[in-house]
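Lettered A, B, C and D in written order, each chain numbered from 1.
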């Protein structure tokens, strides 16, 4: 057991901290939320050059294959100023591409993204699917030369800007079946693919996709037909782990912002942080932040567990805790700021919104609590 | 004891409901259905419709144009308006300064201001808080110097909600800087928003809509006859104003409407191949919140029944704002949860999600203000601790 | 709408208040919890003479048939000092006896109880039934002269001391069926009836019953065979309403006890009630008490509603609120008393225990929330 | 980073588990299975068994008879004891005064007291709180007058848990009534319980078991060599004592065991014709609590890993007592809820309910003390607000 950062990891954290301070303070996110894309290619390239995009992936595709811990540390720090570049989208689309893709697919789709020249997105959510990757109606019919995809996808994070999209579709079976889920690689400009950009509550953008008989060659299929669900679920757990670490950064920031406000704001002739009821509320924020930071570590480490049940258990613990702790911290952070906390001018509202999005992406507390309770570990020694 | 509204009151409820259905213009009805944010002009058009019916100011006495309703009818009317999703009228004239002028205003003030408030011809806003006087309102700094026939106002007010639309603002201003206690030396003054030296800067809420403003006073002249009550008695005025209609602050109709919305979202959302409403965990969660709301409704009924008999508000009325705002927030939290990924939507993206869900995230965000404004819930608790429980001061 | 007490009701409340002050302060309950029976016949008779036992029942059987409001007001006041006499057991056993019984049964079983000469108990719970009156395995087989009852009943409140017991048994159908539930009148000394007295957590006593082929005549059946469920469920709702009003008395007492302690107890040179965090906790106790008092009124009034769905809805609201509010109030009341709150010597622990029992009797929050959600009113305007 | 215990540590865990299974006498094992309250004599017999194994004082240095375990092993040992339901040894000698004597005691004190603490031959209790000095411990009044070769003690201590069984008590006493600050002028003194003038009155907890006592001192003589540390430095001693083993206060094993108990109750309880464990609402509720416990466990692991490296306790360790005690209470609340009517049972009525449920109501009641003793959670929050968040004093 060891929670110390290595020297390299510490240097990495330092470099991200200095980046957010200098190159991407919260004002940048505030500016970019009114921007059509919401993030900047130049910054994306800069991140690639800093080596941040490839940490998870093998050297053969241009990465440095450290571990998800490094990804998590980067995302946590980026979360402190809500840096908008689509790293989590890169991870969630990149993981199945890496795991299922062949060398040619890696070279064509993954390497350019790790180099900061392109960006990726994972399209898996549908209207009646809620958070379940198996509940999809999009179909991929076999054609002479490949597949024809028909259906629609919702809330594709970075889907509006991605150069390439990893899209789930059924090659067999019906909604809810585990078998028959396949993943395809689409270009942004693929004929028959219609993308609608949507501005989200948190100021980020995503896309709604309509697949109107999109024709692709067989080389766009990732792995074996119908066998992509495990890699897709792995990708979603990576996404969940990423939201947990970003959430830790958000919570720590809101905690300190609130603490500082309590110290500076005076009412009744004293700092309001001297009022015991507010002190105890701040302590509860602190406690929740520490709990969520602790489970974010669990998520970072166990997302790479070999046993899928171990991975799912840890991710569900962390994601459910994120929702509970994060919801509490941003609500109380807002409340303790009083009136200015509910103005758009104050930063706390930006974190409030982002935390809701993080709590929802890749499964909310209800979803993860249920998943946790359905794993064999839940009834160990009880059967 | 009797828990139900009388047959007369139930008939009145039906009358109000029918009236709203018939009188609400189609465009407003469409927005109401989606719980969309109304434009100020839309609110005022609804105000004028209600005013023609004589229902704009339910709690004003008959001689000033009120409908002469009892406390139960006022509650029913308020609940039905909330349930309908129709615009809620701006409270600053009708519910705040209007009743105060009726109680303490001069004949001039009554004649000059009340008819135009009632008719929706003049819009009011409130100038209480300042950047350094929020919860600690008595620390306010806006100066009103006595210049013979007028006051000269200098300073700043904040959270002057809807000041950008207002014709008048009522302010608490310091008229005696040497009073022993901070609460003394404050006066209640009415000020024309078109006065020279008065500037307004609106800003956005986290819900993405305009509500709050900051308002600056630089040598703003206000005629002496715009002082309400005695000079330096502004604190008494402010307290009297707070005492009005304490039985309507729970927002039962707002929560009921949001809860019905939650159920409908759950009905129309699929999860695991079934309706979310049929997921036992979700159903239990909705039910638990509805139970809390029903409990608060009962506490509210007790308060109304007391008011019907002309009693001073009892202990049960002090909990209405506290729990009412918490439950309002919980209702919107629940809607967001049920919406799943759709809760990521923002109101300027029509068509992305069903109309019913379209404005929920904006309301969810702005709803955080409910436990802050009109005396934060922390301040409410301080007051209950002292006044009702009699706990000692620190 | 009117929540004022009538002049008569106010006099009634005054008389109960003066009784608990003079004749049954909390010390009496403390003394009687070590007593074999746990309550006293002389006091029971006194209550009958004060007219408190018959308020719900018609004059024909010796009652005054006012309304349940009077019962509720009496029980609320008795709750302030945890008076142990079995009024709720009288109500729950008496209601089906009244509703289903014939004149002879009334005269033989109900009237003596209202006169304070006997006491009653309702036996309906079984091991696998949880709170559901339909989930019973006890069988009543038809014999030549009547019925033979076999099975067991648990947690029969006042079952250890009752002279007569109203016992549920199946004359047809199986566990979970609505039809086939019958109610029988048994004497305490009935051959084949074995009673085991159990001391409960709250110091009260109840009984476990074994029915080992108890032979009774047909005149012991209440109403038509197999048709007793509606009256039984009505009785349980009366019981639930009674716990809500008793709970209101408990909460109000704990609130004031805590408020007084906060005012008197000094630490750090000041009354601890001047600490804001404790003040706000006390305010939350106050809020919860007011909510529970409000729903207790709802329960008192609507338990007599003609429409069973209306009655069930209101009772479930009140009972679920009792559990939530009551649990909060006694937990915080204990916490705010600090160390002495967890000693057996201090009274707050007695109320803590009783509140748990009240929250559980006649269905806990989980049961009532689910019942509430299963009523047609829950999906009104949603279907 | 690495979240798991090393293979060595896992092997150690197995060793501990096997040892407990083998060493716990059958009668204790039966009680452990039911989570029954152990008699004092039973606890001490288990103490002596562990002492023979060399495991009675996991956190004592080797030269004083400790096993020389690292922080992880100490956590594992503590968790396994908690999980097994075996008696938890009285902390007053082993975990409190023992380590303090090791750190600050004289050679005489070390030789006189430590071996007998370790062997379980002498039992200790704690004399800190007084009727008017609970949370405000520094206000204590027990006087220790200097009488040359001895102190003369007069006053009263309360919450002297297990004083009825104790051979010695350690007290904080006032040795200088004229110190400027209340915290000054206090000394840490060891006192023989058989001293003349010392009387003990045990009383019941709400759980129906004996734990607390009140202890009176009337001209009790204590030899000077029983002063630990310097005269008037008792406050420093008390703070040092608090700093020991802060990674074991979350009670992870206690909660884990209670949660497993809850699941088994849910498995064996029928509702609506199915197992309660298969009721989706119940299952979600159990899972939600387990998730919280797992989160706390992770925070605890962080604290242990820090201690392994010899770091001072970080912010994560300050939350362990706070959330740990809340979760312990929640686990017993849950057991009670799942038991339904069986939760009305009391421990002196064997056979009424399954053995597994027999002691739950007693524990549920007494568990309320967890958020009160060892510095109430309110005091913990005051400390975190000041020391970690740096919030200003009132």
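Assume a contact is a pair of C-beta atoms (placed from the backbone, for glycine too) under 8 Å apart; a residue touches a chain by one contact, two chains touch by 3 or more.
Not measured: the values here are computed from a predicted model.
Q: Which chain pair is joined by more contacting C-beta pairs, B-D or A-D?
A: Top pair by contacting C-beta pairs is A-D.
Q: Hey, which one of B-C, A-B or A-D is the same interface as C-D, over half the contact pairs lining up?
A: A-B
Q: Whole-Å distance, chain B centre to chain C centre, using C-alpha means?
A: For chain B versus chain C, the centre distance works out to 42 Å.
Q: Rounded to a whole Å, what is the gap between the Cα centroids of chain B and chain D?
A: The answer is 52 Å.
Q: Among the residues of chain C, which ones contact at least 2 other chains?
A: Within chain C, residues 275-277, 279-280, 366, 370 contact more than one other chain.
Q: Residues of chain B touching 2+ other chains?
A: 281, 284, 378, 381, 394
Q: Spell out the part of chain C that touches chain A in their complex, as residue ranges.
A: Contact set of chain C toward chain A: 275-277, 279-280.
Q: Over in the complex, which chain B residues touch chain C? Could you list them?
A: Result: residues 1-6, 9, 72, 260, 263-264, 267, 277, 283-284, 286-288, 290-292, 294-296, 298-299, 301-302, 304-306, 308-309, 315-316, 319, 322-323, 378, 381-382, 384-385, 388-394 of chain B touch chain C.
Q: Per the contact definition, I'd like the list of chain A residues that touch chain B in the complex.
A: The touching residues are 125, 127-132, 135, 154-155, 175-176, 198-202, 206, 208, 266-269, 272, 275, 277-278, 327, 331, 334-335, 338-339, 341-345, 349, 352-353, 356-357, 360, 364, 366, 370.
Q: For the complex, give me every residue of chain D touching chain C.
A: 129, 132-136, 139, 158-159, 203-208, 212, 269-273, 276, 281-282, 336-337, 340-341, 343-346, 348-349, 352, 361, 364-366, 368-369, 371-373, 376-378, 381
Q: Any idea which chain C residues touch chain B in the complex?
A: So the residues of chain C in touch with chain B come to 1-5, 69, 259, 262-263, 270-271, 273-276, 279-280, 282-284, 286-287, 290-295, 297-298, 300-302, 316-317, 320-321, 324-325, 366, 369-370, 372-373, 378-379, 381-382.
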